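Some structures are shown below for you to check.
The two complexes that follow have chain A in common; it is paired with chain B in the first and with chain C in the second.
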Partner chain A sequence: MSLLAAIPGFPSNQTSLNPAGPAAAHIEHTFALIFWITATVYFITLAVLMYFVWSRRWTLALAPIPQPTSDASDRLATRAVAAAVAVTVLLLFVMLISSFVTSHRLGKMNDQQALTINVYGHQWWWEIQYPNEAEPYRMVTTANEIHVPIGTPIRIHGTSRDVIHSFWAPNIQGKRDLLPGYNTDVLMQVDKAGRWRGQCAEYCGMQHAHMSFYIVAEPQQDFDNWMSAQMQPSVVPGNIQAMHGQQVFLSHACVLCHTIRGTTAGSHVGPDLTHLASRSTIAAGMLPNTVGNLGGWILNAQALKPGSRMPPNQISGPDLQDLLAYLETLK
Partner chain B sequence: MTSTSLLETRALSEAEQKQAAQLEYIWREPTGFIGWFKAVHHTTIGMRYVVTAFCFFLIAGLLAGAMRIQLAFPESHFLSADKYNQFFTMHGSTMMFLFAVPMMFEALSVYLVPLMVGTRNIAFPRLNAYSYYLYVFGGIMFFVAFFCNTGADNGWFSYVPLAGPDFAPGKRADFWAQLITFTEISGLCVAVEVLVTVFKLRAPGMSLNRIPLFVWGQAIVAFMVIFSLPAIMLSSTMLLLDRTGGTQFFNPAVGGDVLLYQHLFWWFGHPEVYLIFLPGTAVVSTIVATFSRRHAFGYLVLVLSLVSTGFLAFGLWVHHMFATGIPQIAESYFTAASMMIAIPSGAQIFCWIATLATGRVVLKTPMWWVLGFFFVFIMGGMTGIFVASVPVDLQVHDTYFVVAHFHYVLIGGAVFPLFGALTYWFPKVTGRMLSEKLGQISFWLFFIGFNVTFFPMHLVGLRGMPRRVYTYPANMGWTLLNQIESIGYIFLFLSVLLFMGNVYRSLRRGALAGPNPWLAGTLEWATSSPPPKYNFLHLPTVNGREALWDAAPNQPVVAGLDEDCRSVLTTRTLDAEPEGKDEFPGPSIWPFLAAVATSIAFVASVFTPWGITFGTIPIAITMIGWFWPVKQAADRRREREIWSK
Partner chain C sequence: MKFSRLTFAILVLLLQAGCKREQRVLDPGSAGTQIADGTALNEVHAGGSLPAPDISQYEGSAYAVSEGKRLYSAYNCVGCHAQGGGAIGPALMDSTWLYGSQPQQIFSDIVQGRPNGMPSFGGKIPDYQVWELVAYVRSMSGQLPSDVAPSRSDQMPVAKAEQARQKEHPSDENQQPIQKAKP
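== the complex of A and B ==
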């Protein structure tokens, strides 16, 4: 599909035409085949149409009613129509078989050694879990940022906690709906390191537009480092300001929804904040994770993302400064 | 015996003038304010359908304009998230339920089918009036709710659980669900009327293989309406029951199923698309034949394509649900079924091209719209193949690529033929011609504007922009394409404005049309323009597929109908041999009152399920009034029964 990829803006981190993994690459091949066949058929059909319209132009006053047709011309037309239908059927079979082959390949991906990642859709953010069967207490929970090792098959095990969402990172794999009441598994693999963006593709309510996530693909070593860091409980505050910040967190409404492992905050309504500062965005990919954005988000998330489940908070200026200082330490 | 020969304009004899005056008297429509609500003639009701559906088209188009302003800039605050979500839902629901189906199926078939088959009114004319009022009341309810900030906001298919009681508080989704009930009952009523008209009221000689292609199209759509609409009435009623009646059909927490809703919805939803564009293709067949000056090439292929499209339409609903995770064997089946639809569609297109290639092409405005249809609709068909292929669909589903695809299919397959149809039949309906020059300018504005608006949506969709987002970040590379799309909207806006200006001007100062300005071949052109309320002075008989082109020099007409009542000839289904006489009911206020009573019940049930329980009482009363027997009519019926023995 070099044609489209050459247009500026196409080789981006959220397009199916710039595959970063085998699944998206297979799909892109079928896409290219269908594109070239249909584009050719389209132009030929319309060229034929316009040729006849132009060469058979007449005016209403002069044209006989009805135009007498000869058997010979109708026989020719019959043959032409039959041939065109036959070609249509043939081309459809080509595209159909290509489509079947691709479907088959997507289903055949190696799932034996796949790394399982649980993805739960929420209005309007993504809960990400790395289950750890050997040591369940070391299960990693994060939000909106999925770290994966490159070249390793991954099984996304997904469902929804509320309404229907659709998990879609087009550079890597086609979309899959996350349905409440159903569990779904989709296999994928990322071969190119990078930050691949994905977004909810099924309309899920007011902030559907602001429900994105990143797949951070990195070499195995980096991934292992990240994973072992995430397995740790949250850091113990190292200075007075951060200690007070933690007290602010634990004595405000924050604890009603959020978890910080290593503290008494253990609710699962909102994103797990144990390693908040290690994530590059907040509010499901909407805002860069800076102190300013975080402060604004805590005080009045409704102004930034109307309808989101994060309520406005009444926190005094000094308390907010300390709280932010504490959250900044949660690497 | 008189002739319906094509070019003959003959002064009426004295006896005929008397006959015309008598028919005028018998078929007159009541006048005055109350009389307006009593009208039952199909041209009267048909015109109301056209005007009403066009108004909804304009409103939904304006909503689209607001959305285009919002999307022209990233992170724009022109519309809030809540407003935008209401706007796109109202836009989609209005276009689908209040414009496309009522216009393409109900309006066109109610006005044209009885004329084209050569009868005096549509079957069940009072039911026809009732269905129109239900449609209007449903639309009014929907928009009153919208202006009270209770506009539906869950998308035109209102998936559960998003539209269920837990996630959609308030009454927004309930009004949406009841809009469905209103419009679908209206559609079902018209489907029954059209089928009975087509199969029992055709002019003698119009055997099945001579039915005009337009009428075939509408008859097949009527069948599809009857098989598809009950599914959505079921799903929207279950949704309403979940919301107001405490049932749990779609609540997974207690064993309900969210996918059940999708299956029911798309069992309707996919045929819905076809019952929007099949009338469009039926219009194209008509216009292509008239402006190629020959019988449509491949009549049998065209009819069988319509029939097979109608059947296939019910076999591919799952391609709207590929992303939900379908077993591979089912994926393969639905991919194959979806691609198969290209075969009958392709056959139709090739037949039209063959008609043009072997005829003499007259490039009048309706023909321009049909040429536009070819460019746009075929493109929509081509992108349909992407959507039919499961793996590719998983990438383009729910993105702007799909938005582009269905606008190419629906605007290409319905709106282009519709403007062609409005231009083509305007002289018949009003007696005056539209301006060719203004018509062609508005065509070009629309054609260019359409492509500028919707072609970039393919690209922005492939670049990863999902549909139904109220805004997007600035750094995604979507901004420029969205701005181009918004500029295209201005062309579309101007085109429709110019078209309305053309209509307004021509109503006053357009050239007089005469009975048959296009020298066309179907029966509606055999009567004066606009047609009298009795449609034809002499009910025609038919010799061939294009009744007027194939008429013998002394084509016989029907005689022997009663002159003291709304008498009508019934014919046999297959060969259209005369079978008997029947009588149409006359004007009545009861259909209007029954529609009011029905609407009260439906609107009340938005608020409480008891609305239906108590609402049935006034419905029953008005229905009793409606069906109260009239002695003279009963006597005449008895006489006819004796006569027919």
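== the complex of A and C ==
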């Protein structure tokens, strides 16, 4: 199966055929078993059909269909059909049991000292929270990018803030629906470092197709560094341009929806921007996080992602440049 | 024959009305994004009157009103006005309007703020979103037709759906035309 994932151009970071963790590996085993059984049965059936079509290709139209006359041939036919039915039932049971065992294994995954990550589905982006029960003020909030240490059990504690979404990173775990007003837990573990892409798997409105996220799996040391950087409040603007940019941010509509920790902006309608420049994409994985994309997104997000909750903003050219310079400093 | 033709015409008209109520204006353009400081409260304006904003695209669209309902929570109007019944701030679902019940007046209330606690949202909310909020606030007391007023809530409903509310009759319902200066 993993041969498929080796084809050039095949998106190996968003496919269940290239598992990066134990949960996805269980799912891939079951998938491979069912795939090979059904493929084999399909080709045997076609081969038998082809053989008889070919061997009787002249006689079919001329002679009447031969009826079994003797008891012996009658018995043979009965036995052949019985054997085929028995094999079919057996194979179906093999697939059923394999599927059951996989579900059981996914339910019994190791959750000792699992790292809990809260995931909230929004129209159309993902809010990611790393709760810290001992020291709640050190909670980290980010968006659309989930950093995880490799080889550590992860508990995704998910729900939705509006409509039904579904959390699916096919290289790591199966789908899990996020329902408004209901919390659900799903265990996972990532063993291979990399950027694994995931997507909303339940139609949730106009921009459902542009609601993706990345799971960034990295060694424990890198993860700890990332975590301690995220815990910091936003950087204080270092030059006059960034300083003015911060004033632009705080005096425009931005503050009504976004948070930048360390400033007076503290609303939770849109993504937390405290460390915006540390993320590689904007608009839920839709655009690379570049100055140009960010500028276009701020001025008229509706042209890029119609229906998204980001309103068009009227900001003068110099003000926008300063604002972008400020946002670029938010590492 | 005549009757069926009439029925057909009525059906087409009804269907058209249905289409319009779900029409979405996702990009309101520059007219909707400019940040105004409020609207004129009478028709007299220095240097000639300004063009009146087209409010029908908000008050006639179920999408705009439901967006207003979402923003009503998102921008924390609920913090003071609750779900329309009022708490720290006055109730919005009754027939009492301290500063007038007309859309332009409610627009000014939101943009300019009002004494005793109503903050000014001027410069913080794009115009088109203020109009969506205005449309929703008016739907709370049944001022909008029931085909555009929201019929359901995302949360457990604490009151009748806006669609099902009786229309309240504010005292300024029938506005007097402004006396123009005689030449």
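FYI, the second predicted complex is superposed on the first by the 292 of 331 C-alpha atoms of A that agree within 3 Å, B and C clash if a C-alpha of one lies under 4 Å from a C-alpha of the other, contacts with A are read in each partner's own complex, and residues count from 1 in each chain.
Following the convention adopted for this analysis, contacts are C-beta pairs under 8 Å (C-beta built on N, C-alpha and C of every residue); 3 or more make two chains touch, one makes a residue touch a chain.
None of the values given here were measured: they were computed from a predicted structure.
In the superposition on chain A, A:Q314 contacts chain C only, with no contact to chain B. When both complexes are overlaid on chain A, the residue A:A80 reaches chain B alone and has no touch with chain C. Here chain B and chain C are compared by how many residues of chain A each touches, and B touches more. Within the superposed three-chain model, A:C257 lies in touch with chain C and out of touch with chain B [touch as defined at top].
When both complexes are overlaid on chain A, the residue A:P136 reaches neither chain B nor chain C. In the superposition on chain A, A:V269 makes contact with chain C only, not with chain B. Once the two complexes are overlaid on the shared chain, A:G238 sits clear of chain B and of chain C alike.
After overlaying the two complexes on the shared chain, residue contacts for A:P306 are found with chain B and with chain C alike. Overlap of the chain B and chain C contact sets on chain A: residues 162, 180, 306-307.
Considering their complex, residues 4, 7-10, 12, 14-17, 24, 26-27, 30-31, 34-35, 38-39, 41-42, 45-46, 48-49, 52-53, 56-60, 63-67, 69, 73-74, 77-78, 80-81, 84-85, 88-89, 92, 95-96, 98-100, 102-104, 106-107, 123, 162-164, 166, 168, 170, 173-177, 179-182, 184, 186, 197, 199-209, 286, 306-307 of chain A touch chain B. Here chain C touches chain A in the complex through residues 24, 26-28, 30, 32-35, 74-75, 121, 123-126, 128-129, 154, going by the rule given at the top.
If you check the complex, the residues on chain B that touch chain A are 6, 80-82, 85, 154-155, 159, 161-162, 166-167, 252-253, 256-259, 292-295, 297-298, 301, 323-325, 328, 331-332, 335-336, 339-340, 342-343, 346-347, 349-351, 353-354, 356-364, 371, 374-375, 378-379, 382-383, 385-386, 388-399, 459, 462-464, 466-473, 476-477, 518-519, 521, 546, 549. Interface residues of chain A, counted against chain C in their complex, comprise 162, 180, 251-253, 255-257, 269, 300, 302-303, 306-307, 311-314.
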